[in-house]
Amino acid sequence: MSGSVLGNNFTVTTWGESHGRGIGAVVDGCPAGLVMNEEIIQQFLDRRKPGQSKYSTPRKEGDKVTVFSGIFEGRTTGTPISLAVLNENQRSGDYSEIASMYRPGHADYTFDSKYGFRDYRGGGRSSGRETIGRVAAGAIAISILKELGITVAAYTRSIGNISIDYSKFDESLIKQGPLYMPDAQASQKAEDFLVNTMKNQDSAGGVIECVVTGMPAGVGEPVFDKLDACLAKAVMSIGAVKGVEIGDGFDVATALGSTNNDAFAIDDSGRISKKTNHSGGILGGMSDSDKIILRAAIKPTPSISKTQETVNKSGENITVNIKGRHDPIIVPRAVVVVESMVAITLVDLLFSNMHSNMDNIKKIYPVS
Amino acid sequence: MSGSVLGNNFTVTTWGESHGRGIGAVVDGCPAGLVMNEEIIQQFLDRRKPGQSKYSTPRKEGDKVTVFSGIFEGRTTGTPISLAVLNENQRSGDYSEIASMYRPGHADYTFDSKYGFRDYRGGGRSSGRETIGRVAAGAIAISILKELGITVAAYTRSIGNISIDYSKFDESLIKQGPLYMPDAQASQKAEDFLVNTMKNQDSAGGVIECVVTGMPAGVGEPVFDKLDACLAKAVMSIGAVKGVEIGDGFDVATALGSTNNDAFAIDDSGRISKKTNHSGGILGGMSDSDKIILRAAIKPTPSISKTQETVNKSGENITVNIKGRHDPIIVPRAVVVVESMVAITLVDLLFSNMHSNMDNIKKIYPVS
Amino acid sequence: MSGSVLGNNFTVTTWGESHGRGIGAVVDGCPAGLVMNEEIIQQFLDRRKPGQSKYSTPRKEGDKVTVFSGIFEGRTTGTPISLAVLNENQRSGDYSEIASMYRPGHADYTFDSKYGFRDYRGGGRSSGRETIGRVAAGAIAISILKELGITVAAYTRSIGNISIDYSKFDESLIKQGPLYMPDAQASQKAEDFLVNTMKNQDSAGGVIECVVTGMPAGVGEPVFDKLDACLAKAVMSIGAVKGVEIGDGFDVATALGSTNNDAFAIDDSGRISKKTNHSGGILGGMSDSDKIILRAAIKPTPSISKTQETVNKSGENITVNIKGRHDPIIVPRAVVVVESMVAITLVDLLFSNMHSNMDNIKKIYPVS
Amino acid sequence: MSGSVLGNNFTVTTWGESHGRGIGAVVDGCPAGLVMNEEIIQQFLDRRKPGQSKYSTPRKEGDKVTVFSGIFEGRTTGTPISLAVLNENQRSGDYSEIASMYRPGHADYTFDSKYGFRDYRGGGRSSGRETIGRVAAGAIAISILKELGITVAAYTRSIGNISIDYSKFDESLIKQGPLYMPDAQASQKAEDFLVNTMKNQDSAGGVIECVVTGMPAGVGEPVFDKLDACLAKAVMSIGAVKGVEIGDGFDVATALGSTNNDAFAIDDSGRISKKTNHSGGILGGMSDSDKIILRAAIKPTPSISKTQETVNKSGENITVNIKGRHDPIIVPRAVVVVESMVAITLVDLLFSNMHSNMDNIKKIYPVS
């Protein structure tokens, strides 16, 4: 694979550069019979759109999705779903400065190293706009999960060093607040912090948390395609993510076996459950039917107007102030991207799991 | 894929259960002409062998590797390398207790959920012995990297809350010390902590760090097969890992753009380099020619003799004390596993990168 | 994989239904630096366009390709190339008849069996229009091969029982004649045969032959990904193909070892070559540096106006006359499709072969 | 992939050289709960063993299979099944002649071209012994199919120009006769022909036919992973196969639409069936619930004692008489190999098909 295709059974291919003719995705392996249309997908794309608050770039992009195939009479047909956000007007701005030098924290240098040259307009393929394809495919994956009683919800857990207080968790803020941060007080503090950061021509990072409910036990493949391993890949493949953890994550390093192990118990309904969830819903690389909990560390936006040192392609040391208005923080807009990548991974592994045992196989192919 | 195959061009398949007839791997896509033999692989396996110190289980397993194919006259032939550690004597111990219940922190419950039943002897496929195949394949990958001037070195960064002090970093301790911890003082403190943990019938976790030098720039595929994404998957697929981070990792969440961005500069040799390495050697999912730095959080060994609550397969709440002597900590023995998984990933992506541009392709297929 | 993605390193994903919003492809893994534009691709698409002769359906479709990504300043960038032929006017014809029954020789019944329902407009995903994506991707593959001195040329070898006479082989007729049949006399006889077939409201089949020159030796992977195995899959995946053979093909069944083996000899330039080419350029699944020769059997167009028996979805036996004007033969338009599938396969295996030995790898990653 | 791994969900990896330490396979993705043991696999291996009749090489190899993992208490566990035929005594014969030259019709030259050198002992990886892994994996696949009411049966259709007469088809001869040829009279004529061929120090080829019954409709993925395309790849990947056809195969080229189309009809049980089976059980790349019929053309054994011209590695033209006793025909021993490759392909596509529609998915994951 050359990097733009993800998944074995639910396969997502994305394409497109920031300032080219469009950005899109092809979803292959979506089962037939799912209710789907452009409106459903658009709702997810709208959550990552710029210009939604003063903490995201004010560019007013329509980002309207078009579905080209795979849906007929309001339902998926089982054939590939091709979709795209076409750029209405390809901006022919002046990119001579960005073309000639390597912006710190960006992929300009590595793209040139790999390919010999690059589409330098607006970051090209490494632009945040690349996530449009992920979110559109994620909308489809989330719709499949919903049919199976599985929910995926991500939110901002922290911005800078301001974290949410779980005792004040307010789910309604996830989709309504400017920062997708489900604690009104923390959200307000984070806003103040961001205003200050912007004033300093700087940018900030944070942590996104994602919670999955309703997963049946046993999903994920032992050894290399563990559920947590596949989630880690999917989430780490989002541009700004520098760390991923499951359940107690890095805190396990300082825990003891006796505190980190989750006791099993028979719950009131007579089913096996866990008394705690340090495992984050995954044991041995398979879902343990508890909530799946994942966190991703998001780096500060690399584009800042503050003066930075770098080099140009002629091999000279220079200084640069990145022009234009950029998001002072990526975290809020990346929430739906994390959600999408988690959902895509879950669907792919739910499908792989279907043929784990002969009993399941005989449910689909009963011997007459 | 069903989870036991990793990689696209350098493909590793592992097989085997703890107490079955053996544990092994098949490495497909190893280039021809590499000097390779059982001794080279054995050296790596010896680093993960139990019974090396008092902090690992005293079972005396030979763990001698046999290579069955793919090597001829001391060199790889380009065909699959099949290798295995065969179990000399399959232990027919009494597994009735472990067979009938779900050990906390283990994969017993999830295996049963997925497959309907499991090979319960010694943890079966989810045993730590499964990593034998990874390490043997890693030995081959590391040998390829060495030929290309690339080194991979992992070590214990912390045990419990005892971390190494980089000012006291002593590389010689990595392969000699009982804990693979390159700071004599921290290592001693960690030993004391472990002695105490064992006394309490408990277990501990820690953090492993891995450093790669000599990587050319541009390796890794943008979007889904980013170098960091593939590393995250490979490392998270190790049984006890609950978190992975690259470069500054979770610390980026509290950094600012101005402090997190690495300035580019022309170094003394006239080459482009970075003044700092917050990125951990990866930008936009591709190597930036700086050191790659990765950390993995390892959970405490789930097998402890302390009394724990759990359930049996008859649906009853019970208590359990895991019998036998188990590693009080997995970290030291997992060091070479992390190293192996990183190396396997690097080789696979180095191969994928070979055809990124027409100039490279023409080097291999010159037009006469 | 769910069937719409082909290749490991040069990856082609196609999408689209006959009468939907368009048909397209995403090519991932195209190396950077290749001269590419819509005109190059259009030339290949024009060779499969309907309405080129009286033996193809007279529908006048523009079939104009648009490239949405992956090309910048006239060259490929190494990122995915997304391209499509958008349908200017989605026909909203009357499909009630085709929707309610299963046409003989078509995929209506199998689509319904698999997915529960289907996009019945014009054959949906199983329409011949699906090959647009293949040909567009093939145009890119052929351009890469050309840079490496490799040519791929397919032509009509036979129509019905009229075959070309190799002593009268006239290459110029391949792209100029109405039937892509490189023997003027045979081509004329085939035209007469087709006129008669059309008069009888019937359709005809034939054989396409494809010849590759300039392949370096050793391309193809032993065992499962043999060059001939991958070619067989790629070509058999074209809708109407029912047989594939390499070199002497089915004639080997009646040959003797002494007549079928090709003697090796040192040729005038001092290089190793073969005195004959019964092998069709492939030995042990790898190219032997001789011409690669492949043939594909194409079935008669299933859509005929002659009365046929079939069933409808209500479970009744009915008769049907397929309305509309359909190609009386698919062969001529499929020539460029065979060529494309062969080229896509060759590029993918040329890339896989780059890391077969350490010497090649060191050419790309020289140790400084 | 590097060529020794086949399948997406039911994944077979083979390894081993003719005269190395053994030949084996790893089957990943075998569902849990299937009754399996070494005896079942051995029965299949015995059908391809040499020395069964005077038309196969008289080497007396035990070819005893050992299963190393994935089976517990007589049933598959869902984890990888590793198995091998270990060579009891690695023959250290004199290979200096074969090492120094390129045998006509063999892969010596292409292996050297690809890898720079080769394991020349007994053909190395390109030996017919490589098929041991395929047949062992095939035994597992056929066992899965049997549980689903699906049978796969291959047999010798022709040897040289002696073909079976279907009116004299005698199924009992498939497993009992020396040539696996289900027509006593044709079989006797073929024996005479082979005796004569051996007298002339020559070898012969033939055609193997494979019939599958009981396939549910809709299996196979439209476009690239069509059932026929995957079968073609799997069968063409067998060393000596030079052609593959489905249903009427190459005869479709001379058929008319009206004769080649299979009429659908409601059968006595009220189900949809086809009146004829020119399609060979596959329409649009999916099973149509009719018998699947496939044929493979097998070339004459390239090893013959008759004098042949070739070159040595020093670049000299030489003549060669291949020493030792070799099979005068591969066809009978390849019958079980074709059967195996067909079965492996069917299982993989049956698994992929399980998530084609939401109804199937909900059967496995019912919403409580």
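Letters A, B, C and D name the chains as they come in the text, with residue numbers starting at 1 for each one.
The criterion applied here is as follows: a contact is a pair of C-beta atoms (placed from the backbone, for glycine too) under 8 Å apart; a residue touches a chain by one contact, two chains touch by 3 or more.
The structure presented is a predicted model; accordingly, all values stated were derived computationally and were not measured.
K.L.:
Among all other chains, pick the one whose mean CA position is farthest from the mean CA position of chain D.
P.N.:
Here the answer is chain A, farthest from chain D.
K.L.:
Hey, which one of C-D, A-D or A-C is the same interface as B-D, over half the contact pairs lining up?
P.N.:
Matching more than half of the contact pairs of B-D: A-C.
K.L.:
If you average the CA atoms of chain A and of chain C, how many Å lie between those two points?
P.N.:
The mean C-alpha positions of chain A and chain C differ by 38 Å.
K.L.:
What whole-number Å value describes the gap between the mean CA coordinates of chain B and chain C?
P.N.:
The mean C-alpha positions of chain B and chain C differ by 44 Å.
K.L.:
Whole-Å distance, chain A centre to chain B centre, using C-alpha means?
P.N.:
Taking the average C-alpha coordinate of chain A and of chain B, the gap between them is 26 Å.
K.L.:
Quick check: what residues of chain D touch more than one other chain, meaning two or more?
P.N.:
Counting only residues that touch two or more other chains, chain D contributes 1-5, 8-10, 14, 29, 32-33, 78-79, 114-116, 125, 216, 222, 352, 356-357, 359.
K.L.:
Report the residues of chain A in contact with chain C in the complex, numbered from low to high.
P.N.:
1-5, 8-11, 13-17, 20-24, 26, 28-29, 32-33, 66-70, 72, 75, 77-82, 84, 86, 114-119, 124-125
K.L.:
Would you tell me which residues of chain D are touching chain A in their complex?
P.N.:
For this pair, the touching residues of chain D are 8-10, 29, 31-34, 78-79, 144, 147-149, 216, 222, 350-352, 354-365, 367-368.
K.L.:
Show which residues of chain D lie in contact with chain C when the two form their complex.
P.N.:
Spelled out, the residues of chain D in touch with chain C are 1-6, 8, 12, 14, 102, 104-107, 109-111, 113-116, 125-126, 130, 158, 160-161, 197, 200, 202-207, 216-226, 228-237, 239, 241-258, 260-266, 270, 272, 275, 279-280, 283-289, 297-304, 306, 308-311, 315-317, 352-353, 356-357, 359.
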